[in-house]
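Input: structures, listed below.
The same chain A turns up in both complexes below, where it pairs with chain B and then with chain C.
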Partner chain A sequence: MVERKVAVIGVGITRFGEVWEKGLRQLLAEAELQALADARINPEKVDMIFTGNMCGGEFAGQEHLGGMASSILNLNVASTRVEGACASGSLAFRQGLMAIESGRADMVLVNGVEKMTDVSTEHVTTGLMGAGDEEWEGFQGFTFPGLYALMAKAYMNKFGLSRKQLAAVAVKNHFHGARNPIAQYRKEITLDDVYKSMMVAEPLTLLDCSPITDGAASVVLCNAETAKQYCEAPVYVAGSGQASDTLALAERSELHHVKATRLAKTQAFAQAKITVKDLDLVEVHDCFTIAEIMAMEDLGLCGNGKAGRLVEQGQTYFDGKTPVNTSGGLKACGHPVGATGVKQVVEVVQQLQGKAGKRQVKGAEIGVTHNVGGSGATVVVNVFKRGLP
Partner chain B sequence: MFEESAVIRWRKYTDRYRLIGNACKACGETYYPAKEQCPCGGKEFAAQQFSGKGRLLTFTEVKAAPEVFESKTPYVIGIVKLDEGPKVGAQICDANAGDLKIGQRVEAVFRKFYASGETGVLHYGTKFRPVF
Partner chain C sequence: MVERKVAVIGVGITRFGEVWEKGLRQLLAEAELQALADARINPEKVDMIFTGNMCGGEFAGQEHLGGMASSILNLNVASTRVEGACASGSLAFRQGLMAIESGRADMVLVNGVEKMTDVSTEHVTTGLMGAGDEEWEGFQGFTFPGLYALMAKAYMNKFGLSRKQLAAVAVKNHFHGARNPIAQYRKEITLDDVYKSMMVAEPLTLLDCSPITDGAASVVLCNAETAKQYCEAPVYVAGSGQASDTLALAERSELHHVKATRLAKTQAFAQAKITVKDLDLVEVHDCFTIAEIMAMEDLGLCGNGKAGRLVEQGQTYFDGKTPVNTSGGLKACGHPVGATGVKQVVEVVQQLQGKAGKRQVKGAEIGVTHNVGGSGATVVVNVFKRGLP
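Coming up: the complex of A and B.
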């Protein structure tokens, strides 16, 4: 079967943060309409809709977001909600991608949305724990900061990693967030701020953790052959990979890296016919600072145990050798769980179109998104190119 | 995690409370919790009792907890490699995080987990404590 190529021709994104004035539906509507306007199409052009969301029922009393996404646009087309914990947005994106590749659809709207601040922090902690293994992690009193702290301790025990190197991830991501108009935290922080913030799960302090965030993001995908009809500078999907690992962290053979990232990356890079040297920027899943360190190594940006030094040397800033998380990442841009994977696509598309303003990576041509569900049971890696692949 | 009914707890007697997993009849590999399909292709298993003795692979102290564990913070969680092979996540009790070391010996103990909000029903399970 010859697969068709796919292009991104429109993006939409809401402000990320504590968006008290908007509920789940209003967030979703804002992102959808923005993306359609950016693609300069009417809703009637859309053949299918996929919406990534993790906790609509738990946090907003609303499941069935497929129905919500289509009814906002007064459409009767196939509309489906996709769930894979914090990777829900990327899974929705891949469903859209495959629908066009296979010839089932020509124009797909992909959304990611999460409304998190209408419930208490403890309730959010409980809800998010649904991304882990209910019996062998949830019942035991594990939390997500706890799971990533366990990985951090295993990583430190294996390779060594200084407090400063870990904190430098947060400082860099806040620097980028300060230059992203939709980011939750548009404020720079210092290493000292990270050291002094409240301990959540040793070695991770509050400023090592991504926040609780409301937000939505949407992208319009179409058959690459027709992309230029709608968009002067379409961004093409050059490769995509998805892999899985055990639901519970304890069952994995190694705790200091995420195997599913390595598997998904290998698929995506092979399909895109690129190596790590070709990358101009990457948006990685930094739900915690340690996650960015592991992602850098799992994506092959550096050798095992070397990411901390790269970050400390400032090489992962937008104007550095290897820009990582120019959006501010989950850390500073915010982490509305179901929306994050789509937000990453929005950021990479804006960078490749030269629309990233004060955080623009000069001459960016190839970008990667990396989205993790749970502690690594689901991972999606996508490769985007400015020119036709 | 959510409020568990009595039926849920009844269903979990074997694995949660008695440390019984299984072993593949084809290759002998042991599993805790029990597995349905072995990577070797085996589908037949025999029940396997675990000793509850093992080594601490990694641990941390949780300071911000889900609703039902909120009153228990801070508490220590960790991943234990059982002597028979499998790894399992659990709370580490009877010790402060500062007294623990990666690689140290631990053993399973039957402990109270939490009391249900409305009914006050006590929930029990397996934790691990250090063996110094």
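Coming up: the complex of A and C.
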């Protein structure tokens, strides 16, 4: 039983994209300072720091980001890097949550950061494959588009899914991205653009895939009892769940859904005492369009095999019945892998605070983040509510 | 204020050394299964897993060890990799501690693992440099022996330290390693051996440096209230502290001690309500002989500038007044970087349980672990007591 409650009192985020003028350290610093400013606190108030990052070692020769995150702020507090592939940001968030729940901290800074454009695309592809099973997949020549293409094929075989339904995910996410000032791709695309884009791994074309991105995001977590001292519009962490599955797809009995999402969602929703009907918006892990389809079903937004139709009908736009990825998602907002989980929190918090501008979901009170590591070996689901418990 | 208490109820450790017949997965599996067997529990009892690892990506192409650690046991529980250079194992331990303290878990498996001998020595040296500041140190050509040599020079300049005193650290740790069945170097050495070994970075010769090592270690943590159900001789985690400092040495005002050790020690000792006089043994981070000298002083085992004499007098042998590194330390037991922090816990627990064989500290009741990341940017200090709170 968890007794202490936690609230988000500040958020910060850099521009997502090919940020050639900034390195790992500068991205991290920008997000940290923004979040502290948003929470209106001095760095000295921070008791602990957790930083999600996947490939600092591979892409920048820099492991040990804990020491970097604290020394940017001239702090000597406990500072820890957490990694779970593309779920690294959410894992850092979870550790921050538990640090406050444990009684060891009252104020925690959570960061996610990734600097991906300083190395070649081949280098990025190989580095990211460290998220899968190196012996059973990477060493055999698999890349992540290939793994998700397999999952897409399994899904299509089971339920059917039209090319249009899949492409509609990308079109919707670019529509949202065009309305998000920090998004990597701030332009709308058409179904035809998706159809005509280069094939990457059948059935996934280039516009079915999330891009390579630099970026960082930070949030300030606070013991909910004192949150009101710092923030007029705190957002309460109502529930959190995390689950695992095998690294390798070959070890799973079914590929058309992600078991760990279902397990993590059940934990998070139970803690938050909500059902899927209570949700006003969700940020899901759409590293590929098929991933958003599976996430919708695994989170229970619709029945199995029904997500494609929901998307096609436009119900997942920010002004639809079930808004999904109002940030633009990984697809259009961009996917700096270690930062993505924290970016999702930033988006949901801004929505619940009514600060989401042209993509604002009217009257949003409850939002969910869903962050996946690898092909589903790690999943974190968090539930946020406007106000305090 | 932390309210829930935590105990160690099981430990597991592989042979440390050049373990060519086992990969990352096999090492991890061996340690996990040993620890669960020692705790006499089935995997299904485990609520969460934390795994410390530094260079899985660099050395094995494998990030995302959370998914590996859980699927070895056929579990779907939350499983997270934590990294803080050579302090990764202790950071994983800290997250396990906080997970139980938070009320989210009652039983946690903590692992540390590193597979270092599948790549070249140059590759290892470069990879490990990710623990320092890549822009300010690694990119300029620094290696870790170089950084610690600078610290040794600063220490010598401040306090004086004889070649014999420094070498005596290595001799003592090899004496202990010769009595530890899992140690990489189970042979004694002489002062002369140290003097005559190859110069690496003046004043540090080869036998002043810890080796490149494969290995894994695991411990089972349990809510102290229920520990007695599982274990006849539980060991209580009485205190834990973690602190940070700058990644780069150039940003620090003094190099002859490690500030983060002093801060982490103060936290841990305060929580455990002990003073240095209460200690029966300590496992310190002797990645280089000079590191053990500094650790002794930073932990308060003696006054500043006095550690060399203590070592020279033989007081830090297992049967001396202040036993240090009865495992053989990083120097002789070996230093699989992500595993070292957990190995230190294994050693202290075995000592407090009276299971340390030929290196047993008689009647040991209180022990401390001290684990350093990089050149001191991350330090974790834990205090363990025999029995339950």
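We take it that the second predicted complex is superposed on the first by the 386 of 389 C-alpha atoms of A that agree within 3 Å, B and C clash if a C-alpha of one lies under 4 Å from a C-alpha of the other, contacts with A are read in each partner's own complex, and residues count from 1 in each chain.
The working rule: a residue touches a chain if its C-beta (ideal position, glycine included) is under 8 Å from a C-beta of that chain, and two chains touch if they have at least 3 such contacts.
Remember, predicted model here, so these are calculated numbers, not experimental data.
When the two structures are aligned on the shared chain, A:Thr125 is found in touch with chain B, with no touch to chain C.
In the superposition on chain A, contact is made by A:Leu91 with chain C only, not with chain B. Once the two complexes are laid over each other on the shared chain, residue contacts for A:Gly138 go to chain B and to chain C alike.
In the superposed model, A:Glu251 lies in contact with both chain B and chain C.
Residue contacts after overlaying the shared chain place A:Gly146 against chain B, while chain C stays out of touching range. Which of chain B and chain C touches more residues of chain A is settled by the count: it is C.
In the superposed model, A:Val200 lies in contact with chain B only, and not with chain C. Residues 126, 129, 133-135, 138-139, 251 of chain A contact both chain B in one complex and chain C in the other. Chain contact summary for the complex, chain B toward chain A: residues 1-2, 4, 12, 16, 33, 57-70, 72, 75, 77-79, 86-91, 97, 102, 113, 125. If you check the complex, the residues on chain A that touch chain B are 121-123, 125-126, 129, 133-143, 145-146, 149-154, 157, 198-203, 248-251, 255. Within the complex formed with chain A, the chain C residues making contact are 1-4, 23, 25, 49, 54-58, 60-64, 66-68, 70-71, 75-85, 91, 94-95, 97-99, 101-104, 126-127, 129-135, 138-139, 242-247, 251, 259-260, 263, 373-374, 377-378.
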